[in-house]
Amino acid sequence: MSVADQTMAPTSTPVESSGPLAHDATAAPHHTSTGLSNEKLGMWLFLGSECLLFGGLISTFLLYRAKDVPGMAGPAVGDLYDIPFTSVSSFVLLMSSLTMVLSLSAIQRADQRRARTWLLTTALLGGTFVAGQVYEFTAFVREGLGYTTNLQSSAFYTLTGFHGVHVTLGIVMLMSLFVMSLRGRLSSERAETVEIVGLYWHFVDIVWIIIFTLVYLIPA
Amino acid sequence: MADLAPPVSNRDAKRPMGAWRKPTVVALVMALVLTGCASDAPQSALDPAGPYARTLDGLFNPVMWVATAVFVLVQGVIVYSVFKWRRRAGDDDDAMPAQLHGNTKLEIGWTILPALVLALVAIFTIPVIFELHAKPADALEVSVTGAKYWWGYTYGTQPEFGITQADGIVTANELHIPAEQTVLLRLTSPDVIHSFWAPRLNGKADVVPGREHTWLLEADKPGVYSGQCGEFCGTSHANMRLKVVAHDQAGWDDWVERMQRVPLEPVTGSAARGFQLFAQKGCSGCHQVDGAYETVAPNSPAAPNLTHLFSRDCFAGCIYDLNDRNEMEAWLRNPQRKAGSLMVVGALSEQEIDDLYAYLETLE
Amino acid sequence: MSAESTAAARHEEYQAQTEHEGADHPSERSYVGIALILAVLTAAEVATFYFEEELGALLIPALIVMMIVKFFLVIMWFMHLRFDHNLFTRIFVSGLVLAVGVYMAALLTFKFFS
Amino acid sequence: MITTGSRFWFALAGLSVVAAAVYFVSSGYEKYGSLVLLFAAVAAMIPGLAAVTLRDGTVPAAADDGGGPSAGIADTRLPAVWPALMALGVGFVVVGLAVGGALVYVGFGILAVSLVEWMVQSWAECSTADPAVNQALRNRIMYPIEFPALAAIGVALVVIAFSRVLLAVPRTGSTVVAIVVASLILAVATLLSARPRVSSSLVTAVVVLGAVALLAGGIVAGVAGERNFEAHEGGHEEAGEAGEGHENVGGGGDEPAADPGGHGG
Amino acid sequence: MALTEVRPPLELTAGDEPLRKPLGAFTRPTSSQGWRSWITTVDHKKIGIMYGATAMAFFALGGLEALLIRAQLAQPNGQVLDPQVYNQMFTMHGTTMIFLVIMPMLAAFSNYLIPLMIGARDVAFPRLNALSYWIFLFGGLFLYSSFVLGGPPDSGWFNYAPQSGVVHSPGHGIDYWTLGLQITGIASLLGAVNLIVTCLNMRAPGMTLLRMPVFVWMALVAQFLLLFAIPVITVALFLLMFDRLFGANFFNVSAGADPLLWQHLFWIFGHPEVYILILPAFGIVSEVIPTFARKPLFGYPFMVFSGIAIGFMGWGVWVHHMFASGVGPVSVAAFALTTMFIAVPTGVKIFNWIGTLWKGKLQFTTAMMFAVGLVSQFTIGGLSGVMHSVAPHDTQQTDTYFIVAHFHYVLFGGSMFGIFAGMYYWWPKIFGYKLSERIGKKNFWLMFVGFNLTFAPMHIVGLQGMPRRTATYPEGMGWDLMNLLETIGAFIIAVSFLVWIYNVVASRKNPHAGADPWDARTLEWGTSSPPPVHNFDVEPTAEHLDEWWHVKYDEDEQGRPVRRQSYTFYSDVDEASKARGGRAPEVDTSSIHLPSPSYWPVVIALALPLIGYGLIYTYWLAGIGGLLLFAGVYGLGLEPSVDPEAGHDDHAADGHPDPDPDTETGTELVDAEVGAPGGAGASKEETP
């Protein structure tokens, strides 16, 4: 074993993956009290916590959009929505959830090649979504709704921006997995890493499902 | 030092002489709480002087007794246990007490009993909440502005209370009300959150910018009731005090009549010079004087209306005595003596201060 | 043998007694099926945008129902909650319920729904 | 004795001091930022000094320990593209200075990156006699920075290029473009996974083609500029945010002004 | 340093002495001794100790601020501090005590004890654990750096908008506050995930949930509260930060914002937070009291479920902090009700502790005195809490010293007393020797008297109308005497704190206390003091609640415990413990693997304050911080948690220091050269 190998040993993933004991670092999740893997449990806990983060941002937006502000500066966000475009974005994100789960299913079958294809596809769809968001933001700004223009705009950009940052981080994780896979470091024993990143990815998707309905479709 | 033998060194078996302190200190404290309504505390919530404050106090007292009962019970049992079952010198450490693991009946009991007690408290509490939010029809209405760091009051036209002037009455820091009369306050703020509080008349109500809250007040008897801002609002939060002055009918009529008189413009002497200075030195950029200086600069902070300044006893958040000329001169010399005050004036000569004072004195 | 491995063996034994779910993941076909349902639902959601008038008072309930269905399809299938240990479900749902609960209550105090 | 490990830290400290000085002067004597930079210098000195006192990672020290003079010389240098890249950076800077604009910053960016890479690499080269080990050392230090940086650049390129395209085409066009692109991605992926035996060079070709198309689209769209947007009321407030010189911000007069307060409900 | 200088590389022929540190300063750290071991450690025990030490240091700071407050208020029209400084003092005092003292103190106990109590070798994510600590530390230091960089925040620990907005607080103090709390929040969130997974997943065989010690349970509930509460304050802090830094409008009233939004977000976090502060303390006394009453905890399941109930109910009461803020009578009524009934599960706890005392054989060690002190003093605070819940009258109490009295009784009389009980109780476990009992009792009585003298009179002045957060008060309000007493009391507390410090220093020479000095009940007492790096040589199995007690004691016919002649400890113990019937297990501990130390946590944590300073002063610094952050995260991720190169010298079997790794012939390059998974260290054991 060369040093090179050792510094890049199998736990190479941005997701924290240290087991409590050496043999847990790589082993299947059988040495825990519940039989569940630490990492996966950790991710679910984190997602539970994220519910309250997005809940707070969404409520803030809803509260401020519903607010009657006499003489409010700038347009209302609702006047600027491009629903057809946002629908496509939503669709893209939904499909990326599909490709994500296909990737997981492939890696579980030790089908490296497909897993990699789907990983990259997921990342690209994610990229498309983020690009769409950049486009949307730019368009809104051009149409007179800056971040500081009014109550609604601050709340809108903050909420969707937070979501966009989550998507972006997800893409970075997917790309890391992709690179790992290229270097042959994503064996099917590490399928769980893909699963965990996938959980995060799907969570970002369900947050968008909610945002799409509550923020875009339900009229103020 | 630390014994190796199980489990505790013998020294611990000695009675700590301080063990008595606990009950005594605590009893002392309780006694003090209950006698806290000593009359030398002019701002005491324990000394209600109006129906609302009395309602609150009437709610508090029984709860206080419930708490006292629980307190005595719990501390009593603790103290009893501590003395009764403490390990004594010479005890056989290997002899174990009975290993009780629990008792479900007891558990149910001490779950239900407090719940019942609390339900009782709730039954008395909830109606009062709504009662205090009711809006009586025949109330005197006053708009209250809490601003850094003073209180402003505007009485709209209300003929039934003798206020007939079109733009009503405007004053600051001292809230004048008729005794035995419900007063409905409408609370607003131009800057940050404050809280209007005159403890002997009612609890406090936050004054939130962007919102209008209502609050009730009533005094049984004529008198002066002190209060102050209850929500932290910046550097001089401590200096944002207020007074409520309750009048009998005659006093009220006098006051209303006086407040509806527009002060005359001084034409000669020091006061007339002061009148000029009031504009030259920028005072009129922030302060209104009815009939003379009606509009303020657009970027001015909220500042008290001075039309009837000398009808008051205190100024600048009621921390200075208006009857003491030195206080006012010191204020004009340096308003920052009240830390964080938003009043900014250029340096004034002693002569100018005298002149301004002479002018201000005419505003009564 | 080291103590470590005997402990591990005991672990194993203990594990055997505790139930262990998981493993049987749905087929790719069902994933595609779910995705199709999701796509159709999204299309239906978008359609409401063009039939706002026709839907009237039904609009908001319809949107909310579709949102919830989509939400649960994703967490149940794509996130495997349906097939996984229910501890995950419990953890996530407690976060979710808590979020919905406290924020709805907070909005209520602002008289948001009236 | 200055050990190999400590050099890196000392250099970092030195650079921080220089940066602090430059910043202090260039920012008009702003003290906090400079303070923080000095702080960074001190922070870098600590591990540096530690490395010195511990004689940590020093080849000669190790050689001393090992006793005996070491015989034979092997070339342990790693292949390096950095000098060339630095030259490129300098070129960018020069051209940038000449024509003005963002090119200067790109040049400086390239310079900085290659400088750091080169520094670390030459440090690694001297560490041991084994190129493989040296490579591993380099990776150990640089991977954590390179990985996320590359990923970020990649994401940024995709996002920026594609959003330029969306901004350039008409409003309904954006929707169409988005759906077409997404469908294409999905279709290609489906095809690839349905045909397990396509050659990897074909896959690479597809990916490269896609990337080139995207970049080209981005550049073309960027040059073509954004479409016209209608500013809604109040837009002038945001003139600062609207960004550098977009002359095509619409007049926005024809949109009926939303009645104040009418947004609520 | 010449970049181009070509040095003659060294050739290494097989059999030559290998180079020791090819990575130089970047070598994976291995030491388990010396300062470097503390910086890089991932051992939950060391991390616990660091948390504790840091928190106590912050306690001294927060206490000093309190003393300044009290000095200013000792007399009417005090002149000690000017109002601005006074405001900064109480803001930093409250923020410090809550976020930098009690929370980390309880993290200290949870970290140190949970793995030991559930029979695990470490927490679930040891490196994440180190990361949490460093993030917390740098977050705290960042907040405190505001003292030298333009002045600390001054809007109170709940920092109401719009006073905290950039218009009314134009300095950078509030920015330090938001960013600092944001940073420590990350630490808490990571810690919560880590400890919850630990409790759920790392239990020893047989350690079912309902066999977990009550401390573990209460810590678990508190961590769940953290998990769900931190994101709420994160939202609030982000909104405020965006307002201040980027001109957003969340609390901009002139744009139509509603200041109550901040209050809701803050208190949705804030009330669960106060239970986060108290529940672990409840857990501590639930361990201390049974040990010194020589009885099992009365009503264990009720203790557990009331704790869970408190955790749940704690989410439904936050508006009681806003009774006067104008939320409307319906909300007030609803939340007054929920608030009242939270007293029920808390009462269950109080009564069960008393039930444990009842008919026990109480040994009044210092730990026990603090524990009983908690039961009695917390009750006082709880009762004033119930008085607040009487919403109409709360309009008289809120923002007065009556509230200040309430929360100091629950926070000091509750959490701090619990923390002191825990320190006296577990000190011998953590450091091997007891704190002096003689000095400890002085410590307790001084604190008890000082505490009551400080805070009891606050009830009175509060009801007499003295508002809190006032830098001064005039004469003639009837508050003078009580304020003077309070100040005297505060200085008595300070003396007691110095006595505690003296105790810590003076007790270092105390003899070794043995593994189980108190004859206690839970697993941590079955291993040596201090425990070996891997906690237990043999992994415990739990067949009972209070497993360790059952190892030591049999039952006679009447169900009374009888000490067994001999029993086995979980690790090699000292003579004293052997003398009491204990045996050491016979095992080879060399096969136990633990994650290796790492530099990355410190690197990541350092990045966060950099980002903070960057956001406040210049964005490019934030960029560098961001890069460093990512680099750190990737570095940590790319680095195997167990260093494959490391010998197992970082946890020598007996927990005794290893031979200095620097003097040992290294193995790394041999591995590299020979390419075999061997070498001196690795040959002992490799991952299975």
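Labels A, B, C, D and E are assigned to the chains in the order they are written; within every chain, residues are numbered from 1.
Convention: a residue touches a chain if its C-beta (ideal position, glycine included) is under 8 Å from a C-beta of that chain, and two chains touch if they have at least 3 such contacts.
Just so it is clear, the structure is predicted and the values come from calculations on it, not from any experiment.
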{"item": "Interchain contact steps from chain B to chain C (minimum; 1 if touching)", "value": "2"}
{"item": "Chain D and chain C - chains in contact with each", "value": "A, E"}
{"item": "Most remote chain, CA-based centroid, reference being chain B", "value": "D"}
{"item": "Chain closest to the middle, measuring from C-alpha centroids that were averaged per chain", "value": "E"}
{"item": "Rounded Å distance, chain A centre to chain C centre (Cα mean)", "value": "15"}
{"item": "Distance from the mean Cα position of chain E to that of chain B, given in whole angstrom", "value": "37"}
{"item": "For chain A paired with chain D, centre-to-centre distance based on mean C-alpha positions, whole Å", "value": "22"}
{"item": "Gap in Å, rounded to a whole number, between the CA centres of chain E and chain C", "value": "33"}
{"item": "Residues of chain C touching at least two other chains", "value": "11, 87, 94-95, 98, 102, 106, 110"}
{"item": "Overlap residues in chain A, where contacts from two or more other chains coincide", "value": "2-3, 6-8, 23, 33-34, 36, 41, 45, 48-52, 56, 63, 66-69, 72-73, 84, 91, 95, 102, 147-148, 150, 176"}
{"item": "Where chain B touches two or more other chains, by residue", "value": "none"}
{"item": "Chains grouped in pairs wherever the two touch, ordered by label", "value": "A-C, A-D, A-E, B-E, C-E, D-E"}
{"item": "Residues of chain D defined as touching chain E within the complex", "value": "3-11, 27, 30, 32-33, 35-36, 43, 47-48, 50-51, 54, 56-59, 62-63, 65-68, 70-77, 118-119, 122, 126-130, 132-133, 136-137, 140-141, 143-145, 147-149, 152"}
{"item": "Chain E partner contacts - residues on chain A that touch it in the complex", "value": "1-3, 6-23, 25-27, 32-34, 36, 38, 41-42, 45-46, 48-53, 56-57, 60, 63-64, 67-69, 72-73, 147-148, 150-151, 153-155, 158, 162, 176"}
{"item": "List of chain E residues in touch with chain C within their complex", "value": "200, 205-206, 227-228, 232, 258, 260, 264-265, 268, 315-316, 318-319, 327-328, 331, 537-539, 541, 585, 587-589, 591-592"}
{"item": "Touching residues on chain E, where the partner in the complex is chain B", "value": "82-84, 87, 154-156, 160, 162-163, 168, 253, 256-260, 291-296, 298-302, 324-326, 328-329, 332-333, 336-337, 340-341, 343-344, 347-348, 350-352, 354-355, 357-365, 369, 372, 375-376, 379-380, 383-384, 386-387, 390-400, 428, 433-434, 436-438, 441, 445, 448-449, 452-453, 456-457, 459-460, 463-474, 476-479, 507, 510-511, 513-514, 517-519, 559-561, 563, 576, 579-580"}
{"item": "Footprint of chain A on chain D - complex, ascending", "value": "132-133, 135-137, 139-140, 143, 147-148, 151-152, 154-155, 158-163, 166-167, 171-172, 174-175, 178-179, 181-182, 185-186, 189, 192-193, 196, 207, 226, 229-238, 241-243, 246, 249-250, 252, 258, 260-265"}
